Amino acid sequence: MKKIRLGMIGGGEGSFIGAVHRKAAALDGHYELVCGAFSSDPSNSRRSGELLNLAPERVYGSYTELLLTEASLPAGQRMQAVAIVTPNHLHAGPVLLALQHGFHVIVDKPLTLSLLQAKQIASALQDSSCKLAVTHTYAGYPMIKEARHRVASGQFGRIRKIFIEYPQGWLSTALENQQHKQASWRTDPTLAGAGAVGDIGTHAAHLAEYVSGLNITDVCAELNSIVPGRQVDDDACALLHFEGGASGVLIATQVAAGEENNVRLRVYGELGGLEWSHQDNNALHIKMTGQPEQIYRSGSSGLSAAAVLATRLPAGHPEGFIEAFANIYSAFALDLLGNASKDHDYPGIRDGVRGMAFIEAMVRSSTSAQKWTAIEV
Amino acid sequence: MKKIRLGMIGGGEGSFIGAVHRKAAALDGHYELVCGAFSSDPSNSRRSGELLNLAPERVYGSYTELLLTEASLPAGQRMQAVAIVTPNHLHAGPVLLALQHGFHVIVDKPLTLSLLQAKQIASALQDSSCKLAVTHTYAGYPMIKEARHRVASGQFGRIRKIFIEYPQGWLSTALENQQHKQASWRTDPTLAGAGAVGDIGTHAAHLAEYVSGLNITDVCAELNSIVPGRQVDDDACALLHFEGGASGVLIATQVAAGEENNVRLRVYGELGGLEWSHQDNNALHIKMTGQPEQIYRSGSSGLSAAAVLATRLPAGHPEGFIEAFANIYSAFALDLLGNASKDHDYPGIRDGVRGMAFIEAMVRSSTSAQKWTAIEV
Amino acid sequence: MKKIRLGMIGGGEGSFIGAVHRKAAALDGHYELVCGAFSSDPSNSRRSGELLNLAPERVYGSYTELLLTEASLPAGQRMQAVAIVTPNHLHAGPVLLALQHGFHVIVDKPLTLSLLQAKQIASALQDSSCKLAVTHTYAGYPMIKEARHRVASGQFGRIRKIFIEYPQGWLSTALENQQHKQASWRTDPTLAGAGAVGDIGTHAAHLAEYVSGLNITDVCAELNSIVPGRQVDDDACALLHFEGGASGVLIATQVAAGEENNVRLRVYGELGGLEWSHQDNNALHIKMTGQPEQIYRSGSSGLSAAAVLATRLPAGHPEGFIEAFANIYSAFALDLLGNASKDHDYPGIRDGVRGMAFIEAMVRSSTSAQKWTAIEV
Amino acid sequence: MKKIRLGMIGGGEGSFIGAVHRKAAALDGHYELVCGAFSSDPSNSRRSGELLNLAPERVYGSYTELLLTEASLPAGQRMQAVAIVTPNHLHAGPVLLALQHGFHVIVDKPLTLSLLQAKQIASALQDSSCKLAVTHTYAGYPMIKEARHRVASGQFGRIRKIFIEYPQGWLSTALENQQHKQASWRTDPTLAGAGAVGDIGTHAAHLAEYVSGLNITDVCAELNSIVPGRQVDDDACALLHFEGGASGVLIATQVAAGEENNVRLRVYGELGGLEWSHQDNNALHIKMTGQPEQIYRSGSSGLSAAAVLATRLPAGHPEGFIEAFANIYSAFALDLLGNASKDHDYPGIRDGVRGMAFIEAMVRSSTSAQKWTAIEV
């Protein structure tokens, strides 16, 4: 099969997520990186292109230059899809321009700085013949796909309680005052929009909705800026209401000092529950009333098609974050190549728009004295 | 040392917690069970007394009979302390009568059916020369004592976030309709007062306050009666405000189908955090920023006096629930024997009163459209 | 029910296991400690008796005095069973004298200093009307009983592989040179007989045989004295042959620096396997080919009668070492009271004799250049 | 940087390890797959090449054709390194021919069918200007590199005990009779040489030596063919002697029914020990005497340069088997590109030769009545 010609906007030196996107794109052999505008600093962009062994003429100094120049290249040579891995304030512009010129888009989360921008993208996408993926990574884990499958199968009965948490500790001190590139933009409201609620809260909310198959309808949230001087929230906790009467709790905090990135999801229905944690991502714990706890592991027998297709190795051979990311890239590639399947899903525009609606509802709720605030999409 | 002569009210056949109290009292040899009114059913009480090898004349048909008769016995023979292990609605009566007749009291939690009753007990206790313990079991675990010690020592800096959860699944179905004795009284508002919030929510709140050394000041709660037909709450989740600006989340649910009794506490300060879970009660996880996670285990070196005194065995020999319970009994015994020490603490009247104030605030909050409700003691 | 009148030989100040025996005897209310010869040092014995609230006239200065004096007391007052918790070299003498005077015996492991002594005890026991228990503690854990039940039920098919390990680190340095009472006698060949192989190797071998239901037939062992100057082995590893063709590995080492007491057992048959570890003693992991791993926890549903009877608390309430020990005491009590049942088993003379045969075979194998050495009972 | 042009021998449809090699080579962008002889079945080879998007003229029908044809291509186009991922009996031939024609070699383990062949390769390699890597995967895990670093640093003092185990269950039944391609060749002595001892025993032995920095000098082994009719060993257990007086135990079994691939290593020195398990590969447990257990996680602070360089993601983002594999590929690439460093090591010819010597000693020991058999390189 021909590889998809991929370009990248952002992801130069000092980026964390850009390298992840590239490794994810490379892993399964579906993409060939052909061009990039890796930084608004042209020398950074050029050096990044060299390290990536790109043709110098296809390393650009700005996203506009990239999109316009690539659009002018012959069809058989031109970039087909573009990965947008810039800070959040630089999502909407490149996404809209890419769609306008007919490029498929893979964009990091959160989709934009505002729900309004997200809806503009949704509208532009609908008017185009392009496809768009949003890298809500956790939806790429095989055992998360298994969890979603099992909830949908009715194994647990009607869902009653959903607990999702995403504790990090890396922003427990004012790293943004120490020339820490990641910390700097992620705590700058003009670049990041929201803080913890946008950076990791959207991951948490997406994961809860993806696995449960239920939308969050209302939140009762408190957002805090705990580290003195911080300009965005670094801590977001909420009670949740879901469609169909389920309720739950969301914890997304970046000041859980000593914690790494230990996302943890629990979903309980009438008949049993499930538990998944990022630290042990290859396992899914199933607890049915009156039965022993069961641990399903990726690669073993008895799993759904979606989980099987998202796994590369036999049982007992751990896969991880890059593989989960690659599952999104590969599912998107299969869709572009005309081989889409419900067992090869990936987060798209609907997830991106809901993420922005979630962020805005959380922010509204946090400043409200009323208990509940609706999510309005 | 002479053993303390102990009586028991409640704890007959079909009781869960009565046998735990007896084993806890027996474990370290500080008590001798000498009498009891084990059930309001005289034949149940008599059979229970026989199984416990008590003198038949000291097995009573009611708590009144027990307290009045024992009060009339010669000093060297008379019961000295009484364990009250009845359903919640039968706490206040016997406690007040026991105090009136000069008996020390060990009473199960929650202390009473209402904050008002709790305050009456506090007042009666103050007027007496008696002592009173409330069996908030989790405060008896050695690694919880270690956790409290470490927070107090300032190791974590100022505390910022506290997450406490107590998920159970045993009430996921309407067991109260199936002649299940424990389920029946615990879901009957006239016998239990509140449901999950009283039965396990108070444990959770106490644990959070005990370890952090901070009082909960305000709650933003949702209480649900999830199982159809249930007359009390079986699910209680809340956002929390603590003294000094810390905030947190509390989960106490009895409909987490498939879960057993997996209490889990996390406390984070400026410099690091701690984690403890009931399933692995002999371990305390310490996570300091920039350092590897540390696991302290009961019986090993480097622990506080309070943890050491609460441990019976060398490292690697697991202790459990009965031992934690026995730590409360033994600390109370040492206090009665004049050997009280700050490293041998036990929950008392203050904890009991706060527990009732917590329950009432949670209930008020749950029916309020306002976000925050203050705990009023 | 009347309590069994219990005496104790050994277990004075500085003893570890004596206090465990007492707590185990007290926990379930089957025994009343009435007398003791707690130390060969009369003042130690006296002080111990005082702390235990014994009548001064029943605190003895030697085991001979205890056994002869108690034998002369009236039947309704006289000790009925004696717990022998002295160092190994002081097992055989008191056991034989106790049996001669008609006292039931609970004796710590290993049974004696030699297989010859063990056989003498077996013979004396047979000539008496007494019963004898050996405290192979690990056989008292509920989930070990469950494991044994499941192997016997045939769930795993024919057993093929058995891995048992008992790593400790506490003797990684020459503690015996530092006035450490436990280390001193346990590393003195005249008091302890063997070292690691006797102290913990016998526990390991017993556990492997108890769960598998298969005797070890041959060992291929290496015993080491790793710490310079140590006079007994502190490290014992062996390949094992079992009856019926199964094979395995045994690790018993006291120089695994940093380890506590983490016994771990794995048994594999044709169809699946099981795993148990001391650190998580309330869980039993079952791994059947083609199925998810299952975790059974004590107190939950689906367990064997033997496991249920060995559990005091509902699921999710951890029990531990003292409770396992108490299960041996309580099963022995039920046997003495005429209520023996196969689901209330306890290790007895056969286990004690096999333990000594195991030790002697390991020692012989260690000095042999031949690969395999038979266990000869 | 220019990518290294890579060819592949083996790895067509039905192969497990071929795809792993390709993903590992792709992950970090150091290699470009340019040609292959994927199967001795030409149509399988052709289909595989198509799926991999290779130029048809560079998909070959045999390894000889590949090596001779590529050798004849112009320097700027010709393959530079070849990955040999065939069954074991097809290692020596292609490796020797590749070296003869000046191609660098990456070859799966075990290196060959015999120690003699391995020595021939060592000799040919020395006579060439080529480099050779052997994919002992586990040496690629960051926390294994950290473990090796810590042992070498002297943190644990002199090493005393090493326990390595590799339990699998997938060959618990006679899969080789069910058209299972992997099982068929791995249990055929003409294709695989040895069974469990070669397939996973060499991984285990290599890991023990790599981390401890100590060679195994002698083995006392038992090899079993447990599944009826099996023609190779499926179970290999051994006592081990290491240089410098350390001793240990090795377990490599493919009949641990229900187990996946749970490699586990423990190393103990005078002052403490370490533990690593494959199921939780991003963690390294350090247990120093008198200190709490420490858990170091990949990506966190305080790790060695070798561990840091082998990690792609921040702490809390799990990496796995493919990443470990890729670390070998990338270290080899850096060496080929002239950027070798001691912190970017990879297993090479010495490891391959020692692996074969280990296998042959294990086989000799297993049929010997003598306890110990020396490893002779």
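Letters A, B, C and D mark the chains as written, and numbering starts fresh at 1 in each.
In the analysis below, a contact is a pair of C-beta atoms (placed from the backbone, for glycine too) under 8 Å apart; a residue touches a chain by one contact, two chains touch by 3 or more.
Keep in mind that this is a model prediction, so the values were computed, not measured.
For the touching copies subunit A and subunit B, the fraction of interface residue numbers used by both exceeds half; the interface is of the same-residue type.
Distance from subunit A peaks, on a Cα-centroid basis, for C.
The geometric centre of subunit B is 55 Å away from that of subunit D, both derived from CA atoms. Mean C-alpha position of subunit A lies 43 Å from that of subunit B.
Centre-to-centre, using mean CA coordinates, subunit B is 34 Å away from subunit C.
Shared interface positions of subunit D, defined as residues touching 2 or more other chains, are 259, 286, 291, 293, 297, 300.
Residues of subunit B touching subunit A in their complex: 156, 160-161, 163, 165, 167, 169, 172-173, 220, 222, 224, 226, 235, 237-239, 247-249, 251, 253, 255-259, 266, 268-273, 286-289, 291, 293, 368-372. Those residues of subunit A that touch subunit C in the shared complex are 286, 290-297, 300-302. Listing the residues of subunit B that touch subunit C in their complex gives 1-3, 16, 19-20, 22-23, 26-29, 50-53, 168, 170, 259-262, 278-282, 297, 299-300, 312-323.
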